[in-house]
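Below are two complexes that have subunit A in common, paired first with subunit B and then with subunit C.
And now, the complex of A and B:
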C-alpha cells in the first residue's frame, strides 16, 4: 500500500503543476497579508481566493490525472493487488500532494499573520476542501470513459459549488425575504461545502457583526464549538461519500 | 490450471463472450486465435480480472478469481499495447514492479538483459518506440517467473531479432512445464511453439484441439492451412 502511494506521490510531484500551484498560493497569501495592514481584511481576501482556486485546481487536476493514470491502473490491475487498494492509493496520493501544497503555500502565511484559531480553522477548511474536490473528481471520472466529458463534469461541479449555488441561495433569499428562513439557510448551506466553509470562517471574524439578523442567527449557530465540530463532520461526509460511491463503481468497472 | 465455466460478457448491447467453456492445463502452449473482435482480448482480460464477467466463473489453480487477487502472482501478462505512466523511466517501472511484488525469489532478468534494457533504464516511457515498449512489457511478464503466461500479440511490433529472442524464451518456459496462452494473428510465427489451438468466433469457441489432432484430421502439414481448411468446411 505505502509503496503504491509513494509512487503516486512521486509521479504527481514530478509533474510541475503541483509546484506551480504551491508557488501561486504562496505568492497570493504573502502578498495579500503584506498589502492589507488589517489582518482580518487579509484573511477575507485570502478566503475568497482560496475558496475559488483550491477547489478548481484540485478537481480539475485530479480528474485529468485519473484519466492519465488509466495505464498505471491497468498495470497495477495485472498485479496481485486489490482494486479497492489501487483506487484508495490514488486518492491518498492526490489528497496528500495537494494538502501539502496548500499547507506550504497558504498555511505558512496564515499561521504567521492570522490569529491562531482562525488560521488553524482556515487551514483545516482548506485541507477538507481539497479532499472533497479530489473525491468529486474521482466521482466524475469513474462515471464516464470519455475524458472530455469527465473533465466537463468536474468543471460543472466546481461551477455549481463555487458560483451557481450562491446564486440560487440569493434567489431564494430574495423570493422568501418576507418569511423567517434564516434557519433553513443554515441547513441549505450544509449542502455546499464551499459555502459551509466560508460561513464558518466569516463567523470567526468580527465582520459577522455587520450582517444583520441573518448574520446574528448564523453567528449564534456557527460561533459555538459544537457547530465547528458539526461543520467538520459534514465536511468529512462530503469527502467520504463521493469517494465511496466512486469506489463501489470502480470495483465493477471494465478496463 | 485455468477452468472457465459458461463465461458470458456483455458490453451494453454487444455480446463479447457467449458462454465460453475451456480447460487449460499445465505444460501446454496454447494459441488463441480468431478474427478481430471475436472476444480474444475480452477473454484474456476476464482471466486477469480487468473485465468483470456478466455470468459464469473462472478458476485459476482451483481458486475462483472473483474471491481473490493473489492468483495474479502466478500470471505473467504481456498486453497487446503496453501502456505505462509517461513520466516514469524504464528503470523506475521495473523497480516499482519489483517492490510491489516483493517476492523472495530472485527476479528472472534474462529476457531483460537479452533485450539490452539495462542500458536504457534512464529513458522515459513516453519517449520509447512501440517496439521498445513491447520489450519492456515482455520483460515485465517474464520477470517474476510465474506459472502462467498470458501473452497478447507478443511479437507484434517487435523486430525479427527481438521476436526470435522472445520465442526462444517462450519455448524455454514451455519446457519448464508452464502454461502459456498466446493470442496472435500471424499463425506462421507460432508453428514451432504451440501444442494446442483455440479458435474463437463471435464470442464462441469454435474448436479447441491439440495441434497433432488438428493436423491429422485435416491431413495438412501446416497449421495455417489446416485451420483455413476447417473454416472452409464449417462454412459450406
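And now, the complex of A and C:
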C-alpha cells in the first residue's frame, strides 16, 4: 500500500502543477500580509483564497488526474490488489500532496502573521476543504466515463457550494424573514462545507458583531469548544461520505 | 470689604481654635461612633481607629470631619443605611463601609448625602451595599478615590454605585465601581465633572445619564458593562478621552445617545463593542478625533439624527463601519480615515480622490434581516457589496465621505 501511495505522490510531484500551486499560494499569502498594514485585512483576503481557490484547484486537478490515470488503475487491477486499496491509495496520495502544498504555501504565513487561534483554525479548515473537494472529485469521476462530463460535474459542484448555495440561502432568508429561522440557518449551513468553514472563521474574526442577538444564537452554536469539535466532525463526514460512496461505486464498476 | 474679610478670618480661626479632635476606638474613652456624633459640634474632627463598628444607622448632622485610621469597618448588618450625611461641610475619609440594608422603598445606601453642600467623600471602600454613594439635592460635593464593589446578580436586586439626583457642581473623580446596577447614575445633575473613573462589570450601564445638562466626563474607562454607557435626554454634554470597551450584547452599546443635542464627543476610544456608538434623535453633535477599533458596528446612526458632524475619526478593523435604518441622511461625514477605503490619491494631498461610501449594502441587509449575518464574508455577499459600492441603489447615495483620508490619524 505504501508503495502505491508513494508512487501516486511522486507522479503528482512530477506533474509540477502541485509545485506551481504551492508557489502561487505562497506568493499570494506572503504578499497579502505584507501589503496590508493590519493583519485582519490579510486574513480576509486569505479567507477568500481558502474558500474559493483551494476547493477549485483541488476538485479540478483531482478529477483530471483520476481520468488520466485510468490506464494505471487498470494495470493495477490486473495485479492481485484489492480495488478498495487502489482507490484509497489514490485518495491518500492526492489529499496528502494538496494538503502539503496548502500548509507550506498558505499555512506558514498564517502562522507567522495571523493571531495563533485564528491561524490554526484557518489551516485546519483549509486542510479539510482540500480533502472534501478531492473526495468530491472522486465522486464526480466515478459517475461517468466521459472525461468532459466528469470535469463538468466537478466544476458544477464547486460552483454550487461556493456561489449558488449562498444565493439560495439569501433568497430563503428574505422569503422567510418574518419567521424565526436562526436555528434553521444553522442547520442549512451544515449542508455546505464551505459555508460551515466560513462561519467557523467568522466566529473568531468578527467576534464583536457576533455578540448581537442573532449573533449570540450562532455563537451559542458555533463558538464553544464543543461546537468547534462538532463542526470539524461534520467536515470529516463531508470528507468520508462522498469518498465512501465513490468507493462503493468503484467496486461495482465494470472496467 | 476689608472688615468682612477680617471677620471671616476671625471666625475661621476661632472655629479651628475651638475645634476638637475626638478619638473613637477600643483604646479610647469613647468606644462608639454614635456617642461621638451626638457630642460633637461644628468643626470637630472625629478620628476612628481600626476595628469593626456595627452601630446601625450613623447620622452626621454637624459640619465635621469623620476620618478613619487604617480602614475601620462600618457594618450595616444588611439592615441599615450605614452613613447618612445631613449637614454641609462634611468630610468622610478612609472607611470601609459594608453590608447596607436592602429595600426598594427608601433605598438604603453605604453613604447617603441629603440636601447638603461642600461634602467631601474620599478614599473609602464600599463593599456589598445596596446603593454605594447616593447624593440628593447636593451642591459642590467631591467624591474622590473611592472603591465601590457590589455583587449584584439581577438588575432589580441592586442599586447604583454612585447615584446623583437633582444636584449641581459635583466632582466625581478617580473612583472605581463594579458589580452595581449602574456604575455612575446622573439624573437632573448639572455643571458637574466625571473624571478619571473606572466603571466595569456593572449589570446595566457603566454610566447612566439622564436630564443632566452642561456636564463633562473626561478620561473615564467603561469596560464590560451589561449595556455600556447611556446618555439620554440631555444637552451640552462634553465627552472627552474616555475609553469604551468590550460592551457585548444585542442591546449593548459602547455609547448610546438618545435625544442628545449640542454636545461634543472628542478623543474617545471605542474598542471591541458590539456597537461603538448608537445614535437616536441626536442633533448637532460634534464627533471628532475618536478611534473606533474592532467593533461589530462602529456607529449606528438612526435616521432620526440631524446635523451631526463626524470628522477626523479613525475607523479600524470594524466589522461594519456605519449602519442606519432609513434612507434619510442629514449628517455629515468628512475627513475620516476608513481602513476599508480602496480609493487612490493622485495629487498626493493625503485625501482620497474618490469619495467613500461608508454604508455597505450588507450592513443595510443585516439591519433589516439579522440572521443574514450568517452569510457575511461569503463570495456572494462580497459581490453584492462591490456592485453596490459602484452603483448605489439600495443604500442612500448621499451617505458619503467626500474627503476620506489616506492614512490613519495619529490619535
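A few comments on the model shown:
Keep this in mind: the second predicted complex is superposed on the first by the 246 of 255 C-alpha atoms of A that agree within 3 Å, B and C clash if a C-alpha of one lies under 4 Å from a C-alpha of the other, contacts with A are read in each partner's own complex, and residues count from 1 in each chain.
Just so it is clear, contacts are C-beta pairs under 8 Å (C-beta built on N, C-alpha and C of every residue); 3 or more make two chains touch, one makes a residue touch a chain.
Given the structure is predicted, the values throughout are model-derived calculations rather than measurements.
Once the two complexes are laid over each other on the shared chain, residue contacts for A:181 go to subunit C alone; subunit B is not touched. Once the two complexes are overlaid on the shared chain, A:38 sits against subunit C while remaining clear of subunit B.
Looking at the shared chain after the overlay, A:4 reaches subunit B, while subunit C stays out of its contact range.
Contacts of A:169 after superposition on the shared chain: subunit C is touched, whereas subunit B is not.
By the touch criterion defined above, A:17 reaches neither subunit B nor subunit C. Shared-chain residue A:111: touches no atom of subunit B or subunit C.
Within the complex formed with subunit A, the subunit C residues making contact are 248-250, 252, 272-274, 294-297, 316-320, 339, 368-382.
Residues 11, 45, 48-52, 69-73, 75, 77, 79, 83-88, 96-97, 99-101 of subunit B are the ones touching subunit A in the complex. Across the complex, subunit B is touched by residues 3-4, 7, 11, 14-15, 68-72, 74-83, 252-255 of subunit A. Across the complex, subunit A meets subunit C through its residues 38, 40-41, 44, 47-48, 51-52, 162-163, 166-167, 169-170, 173-174, 177, 181-182, 185-186, 189, 195, 198-199, 202, 205-216, 218.
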